[in-house]
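Each chain gets a letter, A, B, C and D, in the order it is written, and its residues are counted from 1.
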Amino acid sequence: MVSQQIVNGLMLGSIYMLVAVAFTLAIGVLNFLNFSIPGLFMVGGMAAYGGVKLGLHWSLAFAGALALAALISLAVERLAYRPMQGGDPEAPLVSSLGFLVLLENLMLIRYGSDQQAFPPLLADMNLRIGDLVIGMAQLASLALSIALVVWLSWFLSATNSGRRIRTVAESGETAVLLGVNMSSLAPRLFVGSAMLAATAGILFAVNYQQVSPFMGEGVGFKGVAAMIVGGMGSIWGAVLGGLLIGMIEVLSISVIGANVVNITVYGLLLLILILRPQGLIGRPPSREKL
Amino acid sequence: MNKLPIFSAAILVGALSTQAAGAQELILGYMMAKSGPYVSLANTIEIAVDLAVEEINNKGGVGGRKIKVVKFDTAGDPKQATTALRRFATDDAVLGVIGPFSSSEVRTTFPVGEREGVAQMSMASSAPGLTKGFTYGYRNTTDEGLVIDQVIAALKAKGLPAASGVAAYATDDVVSKSIGATVVPAMFKKHAISLKGSVDFQYAAFDLSPQVAQIKQFAPDIVGLGSPPEGAVNLAKELKRQNVSTRVIGGTTISDPELPKRMAGAGDNLTIGTTFFPDVNDRTKAFTAEFAKRAKAAGFERTDPNQFDASVYDIVYLYAEAMKNGSVTGEKAKLAAERTAVRDALAKIKNLPLLEGSISFTDGDAVKPVYVLEVKGGKWTLLDTRMPN
Amino acid sequence: MSGYLTGVLVTLSFNIIAAYAVYLPIAAGQLNLGIAGFMAIGAYAAAFLTNEMSWPIWAAVLVSAGLAGSVGLMIGLPVLRTHGIYLAMATFALGQVISAVFLNLEVVGGAAGYPVAAYAPPNIVFAAAAGVVGFMLLLSTTRFALYLTAVKSDPTVADLLGVSVRGIQAAAFTLGAMVAGFGGALYAHHYSFIEAQHFNVMLSVFPVLYVLFGGTQTVLGPLVGALFFTLAPEWLRASAEWRYALFALFIILFMAARPQGLVTMSLFRLFGRRKPQVTT
Amino acid sequence: MTAKSAQRSVALSITGLSKSFAGVRAIDNLSFEVPEGRAVALIGPNGAGKTTVFNMVSGVYPVDCGTIAVNGVDVTHMPSRKRIAAGVARSFQNIRLMAHLSVLDNLLVGQHRRNASIAAMLTPYRLVPSHRWKREALQALAESGLEAYAKENVGALPYGVRKRIDLVRATLAGANVLMLDEPAAGLNPTETNALRGDLQALKARGLTLLVVEHDMHFVDSVCENVVVLNFGQKIAEGPLSTVRQDRLVREAYLGVEEEA
């Protein structure tokens, strides 16, 4: 059973991981805690469900969901991120949360508050090794998540655009001095992080065969926790954090009980923030110059 | 600065309360949950309320007076529910209140109703002991302990395997937890089922793989489930995925006409107790047909009535009966006395034949038949009909 | 008074108290996303004192507010070592942990919730909210309020001018926790029932929205924000299922047009100019 | 504040101060003194480490080794917040006024050191028309001829005005040693003259000044002595006229500047 629980934890962690990476892109580069990400995660799942329900082939439905999430994210950039530059650092939080509430309520009006069943893509999508059950969809999503992250970290370190993004992450001012065009970079980052969140939402729908207007909240908050535990702004930190949070959640449930999950997961987050705010992988925040 | 809220709220009140001014009508308040977390469960209830009121009024009303319903959306929020009740009690001069929906709302509105002296009857809250200590608080729901008792008794009566069991429940939901932590172990003991262990999950859990991995270890004949319908769907799917064949049993919390469809092939043998089944007799069939017609016309996706729709339909009839027995006139001057009369008449109702079966009240809770249903071939089928003893 | 108006004003009163609980730390540059945790402490402690110890409501409410404040101070000191977004996340985690602890605390009902016997009628709630507003207005005329803005605006310089930045921040955080505990304690005694599930993330987040919407620069911002967030959904009642969607859309558009919130210093000066200058 | 009689004549004393950033020596074994009531300028080419010295004296950076004493009190390891009480206040190269506060409020924050008790903190002084604190701050503004700006939001004011308000704020703490980081940079000739008047008034009140400044005419008219830094090391010290003759100084810095 222990091995089954480890498998379960890794699978859960792979979902958290993608959401954490989406958060980390927004916060590490743009210094924006984007609370619309849980909403975009939900849009990924719900729009894919809507597409399949309309009779679209699943590939078309998925593509449509990704495109919709990207479009919404552009609106978030335009209405929540851009006008707030130079204002209170907390202000974008309000509007990005506004987007979360808006998206949830729009889906609620369209599909109701019920959890909906997402149709299985195959009859039995599971590998069975002895007693051990591994979902193929879950395995595929773990592989896809890791592939995406590997590609992303290669992109950031080896390409010109990637280096530009890293410069911005180090210091927005330096980046502007070096001629990085923020007004074209920010929308791209928003689209990128929306695609990651929506992909996670689609994988969630396929894995757990369910969607609901509120599916983003729980996963989103765990994603934020994963990002911080790993180290804000670090992609591999988000990966590590996601898998760790997934494992801790599953182990808490199987060893103690579901009623302590919030205590262990968020207790760990609190502890990390107090003892090592930079996370497991990540640099300490530096003191400003005069 | 301080005038702004009072001013603007006053405008609102003026706009809303004019509709409640009818003179010789018998007014009931109805707390809806048309937005918020219970929408899908609760949004068709209004159809059942309107249907029952229409039927009664078409037959001449109560003692020649028509029933009128004033409605207020609480969004399933306990705070807004108390606002609704205050409005019904003070502004709308209601004789009784239909609702509220959820247990959390009941916990905040029953004390208000007790102070204001106006009866309420909930159609959905089934947490144990909610009416205790309240003389104006009623529920047309059945205590989950009684329901699960009858479900297990039905299994035993039909000779189905039930020698060992596991309890599974959501820990952060009042009703679910009391079922899983208290009711199921007690009922297992009563019916000599060995309790092999228990697993729990969070109300909003989507991933039940760790819990099912544990259930697999216990290999029980039945799993006693305390959970909302979502938990039942997720558990059924995960049981199927991990190849665990066991019978899941539960109470009214997972009673949902759509459940077999939502489980998409999983969940065969899921057995629950509920208080409404469409195919019991001509009356239930007629109600189901009329409800479906109206739900379709209103554009709802679900057209089958659920247990709450049926419950609320009966609540309107229960109030009508109580107002008749209490010789209520609807005159403003006698309001307080007539509200108390309605309350006292409700308490005296015995074996009134209604849609859900024969209904009586004990300590504010309805006593009515329990229909034990089983999922077979993707559909609910009636396994047994039992009367709580 | 109309029953409906009473109900709405009670909700408004609780929202105002919550808004000021969040406002104090925000004014010092700290985003507290865990205010619900402190409300829970106040609510449960006060309910326990009146239910099990037969204390009078007023004493239970005051002591519980103090308790929430002391917990805020004890937990706040290590948490306040973090800054900016880290602090926001630490308070967020804190709120989650506190409400999860109450969910498991069987002595106050656990998941089944905790009924509260003693009752605080609407007038008491109105008076309490008015008291909190009055207290905040008075506080806004002191150096303490000035230092909150100074610490938020430029902590390094405030420190070099001799202001104890951590002291001010800890005081703001503690005072905020106290106000939250006060509101929670009163909530328990007005609504007669509390459950841990009520004290969730959204309960922490909404007061933050009131404050940021109203504006953090002046002491009136939270009041205006709470007013708007309480009354707007009531106005939108007619639009039934669309009401929360419309509401969210409005917030997004409003914040895009006015990122500093509704009530700002410059708005004040605009009005202040017309009057003779009496303050100097 | 009361220094021991033996050290009364030295207001600021720096001994063997060193600081490295990421292995690079920013300040190397620096020692100098500023006598009470005198003005000393810290000069040197960009990157010589002048602001770093200010940051160490005010406690923004911890020192690697060496000691800093203000009015005879060793402040080397004192928290930055407490150093203003030991008698040293400073202004900033990039003006650091609090943007959301009015000019008057900025000055009131500047008074904190002398009104630090809890009681003072909780006095509802805004309710008192013409409270002592407000009068005092307005008077300080008036002495610099800036009283018209009292109610303005600092963000909207011209650069030169903000610069001088920054200076007024630094004086309000009652510290006797003022460190001014490029006070004349960016000022027009009229403003520079006004500033010169301000500083001479401060000296007349017995205050001690340590100034970082590039404008040598300004330095000449305000400061009795200069300390020349290059690559973190002191290369010369003395009256400006003497130091000007120093070969090292000419090579490192002054020569270039004079010809430019």
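The rule is short, and it goes like this: contacts are C-beta pairs under 8 Å (C-beta built on N, C-alpha and C of every residue); 3 or more make two chains touch, one makes a residue touch a chain.
The model shown is predicted, which means the values in this text are computed figures rather than measured ones.
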What chain lies closest to the overall centre, CA atoms only? C
Most distant chain from chain B by Cα centroid: D
I'd like to verify one number: the distance from the centre of chain C to the centre of chain D, where each centre is the average of its C-alpha atoms, in whole angstrom. 41
Rounded to the nearest whole Å, what is the centre-to-centre distance of chain A and chain B, using the mean of the C-alpha atoms as each centre? 37
Geometric centre distance via CA averages, chain D-chain A, whole Å: 49
Flagged in chain B as touching 2+ other chains are 35, 39, 171-172
Can you list the chain A residues in contact with two or more other chains? 108, 217, 259, 261-262, 290
Mind pulling the residue numbers of chain D that touch at least two other chains? 60, 92, 96
Report the residues of chain C in contact with chain A in the complex, numbered from low to high. 26, 31, 78-79, 81-86, 88-90, 92-94, 96-97, 99-101, 103-104, 111, 156, 201, 205, 208-209, 212-213, 216, 241-242, 244-245, 247-249, 251-253, 255-257, 259-261
Which stretch or stretches of chain B touch chain A in the complex? 35-41, 43, 170-172, 200-202, 204-207, 209-211, 213-214, 216-217, 229-230, 233-234, 237, 241-243, 258, 261-264, 301
Residues on chain A engaged by chain C in the complex (per definition of touch): 27, 31, 33, 79-80, 83-84, 87-91, 93-95, 97-99, 101-102, 105-106, 108-109, 217, 221, 224-225, 228, 232, 259-263, 266-267, 269-270, 273-274, 277, 285, 288, 290
Residue set of chain C touching chain B in the complex reads 2-12, 14, 103, 110-113, 115, 119, 191-193, 195-198, 220, 223, 227, 230-231, 234-235, 237, 240-241, 243-244
Which bits of chain B are touching chain C when the two form their complex? 1, 4-6, 8-10, 12-13, 16-17, 34-35, 39, 73, 78-80, 82-91, 104, 107-108, 111-112, 115, 127, 171-174, 177-178, 203
